[in-house]
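Given below, in the form of structure tokens, are the structures.
Shared chain: chain A. Partners: chain B in the first complex, chain C in the second.
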Partner chain A sequence: MTDEALFEKVARTMAVVIGIDQSEIKPDSSMDSIDKWDSLKHMKMIMALEQEFDVMFDDEDVVEMLSVPLILIAIKEKVA
Partner chain B sequence: MSGRVGLEECDATKLVDVLSALETTRAEGVNVRAECAIYVLTNITVNGLETFIDFHALRDGVDVSVQIAPFNVLHQELVSETSQLHATKPNLLVLALGWEGFAGRFDIVPDDVVSRLEGLFDLAASKSAATIAVNTFVLPSAPTERAPAAGSVSGTIQAVNDWIRDYVRAHRDRFFLCDWGGYVQDIGRAQALDSRYALMAKAPFRPAFLTRYAADLARISCALLGLNKKVLVLDCDNTLWGGVLGEDGPDGIKLDPDDYPGNAFFAAQNVFLDIARRGVVLAICSKNNEADVLDLMHTHPHCLMQPSDFATMRINWENKAENIQALAGELNLGLDSFVFVDDSAFEIDMVSNQLPDVFCAQVPEKIFEYPDAMIALGERFFFAGAQTAEDGNRSNLYAARKKAETAKAAFSDTESYLRSLDITLDMHQAEAPEFARVAQLSGKTNQFNVDKKVYSEADIRAMADSDDHAIFVGVSADKFGEQGLTIVAIVEKAAPTQAHIDSMLMSCRVFERNLEYMFLDTLLSDVQQKWGTKTVTARHVASAKNQVCRDFFADAGFRKVSAADAVQEFELDLGARASIAPDYIRLLQS
Partner chain C sequence: MADAHAVQIAQVKEAFALKARLFQGAVDDQLATFGDAWVTALGEEVSVYFNNDNVLLENAVEGYGRFCIEAMRLQRRFDKTLRYDAISYAEALETVYQNDAYMRTVYLPALLLSHYMWPHHFRQLQWVRENFFSRLSGNGFRTFCDVGIGTGFYSKELLRALPDMRGWGFDISDSSIDHTGLMLQRWSLSDRYTLRKQEVSAEVEGGFDCCVSVELLEHLEDPTVLLRSIRRAMRDGALGLLTAALDAPNRDHIYLYRKNDTVRHQIEASGFEVLQEANFAAYEVGEGETVPQAACFIVRTC
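Take a look at the complex of A and B:
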């Protein structure tokens, strides 16, 4: 999967779970820049990302994936 | 993953799919039958449950609002008069209790847990007017078959679970049970549970579990709102048994419990009867001869279902949507309490188009999936936990049966439905490669066969080659696909200006489309042109199975010239006839 396709899929998954327009998810978005991305949404989002990419994140990843760049890194590690 | 996926088609375990389907459905507008407020008290984290409940409930027309109370606030919410719970006044109160929060130690004894549970359950029942859903606890490790020793953690949990079941049984007017242990067993621990989140966030359940739990809660909501389905309408051929009774005969249908695929149908009958025991009304809607079906039920050694199992039957050759509409009038129940099972995509599509409130389920193409699909259907729509309110209704429904004659059905417009099907009929004289099929149909078609004569391929070839016979065949198709060569007529030039319809038959696969009228109309025009025919004669010779076409020639404008019913003779003067071709069937002549 190309970086663009990966970002596209991550952004779509995040947008659907957080309940915002996909255009609001930028490559540098983080929990600080998106108000509706709270801790409950975060857990749901991890669930959804795990389903969409068929991966299982490690315990540290789950608490550290607080921005789009960190999410992309964690997924790349798992699907590589 | 984009695209418009509806609630029925989407993968119910996938969070993103479920959220997208919900969004699409809401945006397009959805028929909401009722609203339901659900309040969840819990000592674990069930994040995501609200989405799955929303999904399962909306699938059945219930718009839910789900609130999950703050973590581990149980008694306070119940006791405090100013709590969010009491402000909400939910229809359904869910107690979602994890074992760890109740007993975190290996040496706790069942009585301690039970007394705490009993206190909580009684408190919930006294402080809230809601229906209450409770759960069993999940055993810590897989092997449930092994009898756990008393005093072990498994033994303690099992003892507590037994007590919970008894409590719910004793309070069935208010309490429902969600069997968490059962879900885990069914889904498998790996798919159901997440030890990482269980320990990190007290969130033990994966989406596969949550969606299963949510489906149960949605069913409970339907049940308490009185929205459970009440009537299961069943087709006969390829639904109650394999094969077509009118064609294969009682000895040819498949229903043998020791033989595949008969055993799949035998198992399905078991499921239907089990559903009926929950107080659900069964009905038949089938295109068949009623006497044949009743006879089969009485005499077939493997037919479990008996006429007395059905509150009412519509076994005739009429349109099924109209029949089901009439059933609703007769039973005095809304169409939204009906579920209809049939093997034919045509019937399913027709009924769901004309009666959108009826839930239609098609028999799976892979017959081995049929029994499980019916179990799931029963779980979804005829939830066993909801039987108490319904049990009493059944006798009323039987009484309603007597009102059949007075039921007035507001029939929908069948013609406009047929118009939407893009039906085509390719009609031509039989050609050599088709002779075998024509001969085969002459032997095996019993229902729409005006005067059954079994011809060999050689007979067909001889007639096709002769100057005084014409063999017409029709190949039909509609938007569902091609049905193939399904209509045949053999016409004989009986005199210089007279032709006789020696045979006319049509496969039961294409009933109810009025193809026979298009076919006959074209046939009459053709013989008029080809032979200069002025009068056409025809005959209906009654058999045990061909009532369906008894009035066909009369309906097509022929004059009955004999008095007898067993052998009816008909005649038509071609000079004075009116067209009987339906304008919604497109004729392709080759």
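Take a look at the complex of A and C:
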């Protein structure tokens, strides 16, 4: 999967869970830049991504995946 | 913000920024929701129990973060199954209450901070202060037992609010007993309190004027055994505070309560009259989701 396709898939999942338009998810978006991205939405998002990519994130990763770049890195490490 | 505790709240914010950034937004949310009452309560705890020690506070916040991640993951699974993971009391005892490393680094710090960081736990605290402690004040109540002391939080609160009362705390966990001892020592309340290690459902020497048991019922395979034991430990006309967690799939929760009604029926069938009750939810529930709640009851023996 290309980086663009991966971002597209992640952004689509994030937008549905957070409840915002997918266009609002940018490659450099983070919890600080998206108001509706709170801890409850974060956990739902993590579990949705786990289902989407058939992976399981460690709790240590979950607390660090607070931006799109960090989410992409975590997924790449798991699916590699 | 209450200026007297601005420093402590800044310490808390810094600890979350360093150790549990995912949850740091909750500090501002709680401040906005509860204002000075919350600042004062948390500020005092940081000053006294944490002794303004940043490292101690950061370690507690780190444990709180780990606990919350697990709890939130379990909650989303529970949305689908509406069942708690099957665990026996013996297994919970071995993997949680007698697991000193987990108790000290995750479980107890998380429980303590949850009283301030979880909206339903802070609302419960306010409700208890306003509705339960006020019933005890000035009415000749002298003794209380706290069954399942956890961190010792509610024993501390009761001893602080009612300077004429003496307490006895019961728990099976050495870690809980140590934590409570330290809590009461730091709050200078140890001289009015006795700690006993024993099974929570075991017979307690009786005659107490008052009993508190906060979020213990759901940890047991048969909560009615505990309720009857508590009743026998109290004198006729004694008052009690009994609470239970509903829809809260923590790793050591065994008995699933989904409504206040179920808890109330068990309480009434065990020899208590319910004088007042409340239900507090952790957050606004979304479609197809469950939400942890605190079911709270002020009771009188009958």
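Note that the second predicted complex is superposed on the first by the 80 of 80 C-alpha atoms of A that agree within 3 Å, B and C clash if a C-alpha of one lies under 4 Å from a C-alpha of the other, contacts with A are read in each partner's own complex, and residues count from 1 in each chain.
By definition in this document, contacts are C-beta pairs under 8 Å (C-beta built on N, C-alpha and C of every residue); 3 or more make two chains touch, one makes a residue touch a chain.
Predicted model, so just to flag it, every value in this text is computed and none were measured.
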item: Touched partner set for A:70, first chain B, second chain C, both or neither; value: neither
item: First (chain B), second (chain C), both or neither touched by A:17; value: first
item: Chain B versus chain C as contact partner of A:38, first or second or both or neither; value: second
item: Chain B versus chain C as contact partner of A:6, first or second or both or neither; value: neither
item: First (chain B), second (chain C), both or neither touched by A:55; value: neither
item: Which superposed partner A:47 touches (first chain B, second chain C, both, neither); value: both
item: Partner touching more residues of chain A, whether chain B or chain C; value: B
item: Touching both chain B and chain C, residues of chain A; value: 40, 43-44, 47, 59, 62-63
item: Residue ranges of chain A touching chain C (in the complex, touch as defined); value: 31, 38-40, 42-44, 47, 59, 62-63, 66
item: Touching residues (chain side chain C, partner chain A) in the complex; value: 20-23, 25-26, 65-66, 68-70, 72-73, 76, 283
item: Residue ranges of chain A touching chain B (in the complex, touch as defined); value: 9, 12-13, 16-17, 40, 43-44, 47-48, 51-52, 56, 59, 62-63
item: Residues of chain B touching chain A in the complex; value: 1-2, 13-16, 19-20, 23, 45, 47-48, 51, 196-197, 200-201, 203, 206-207
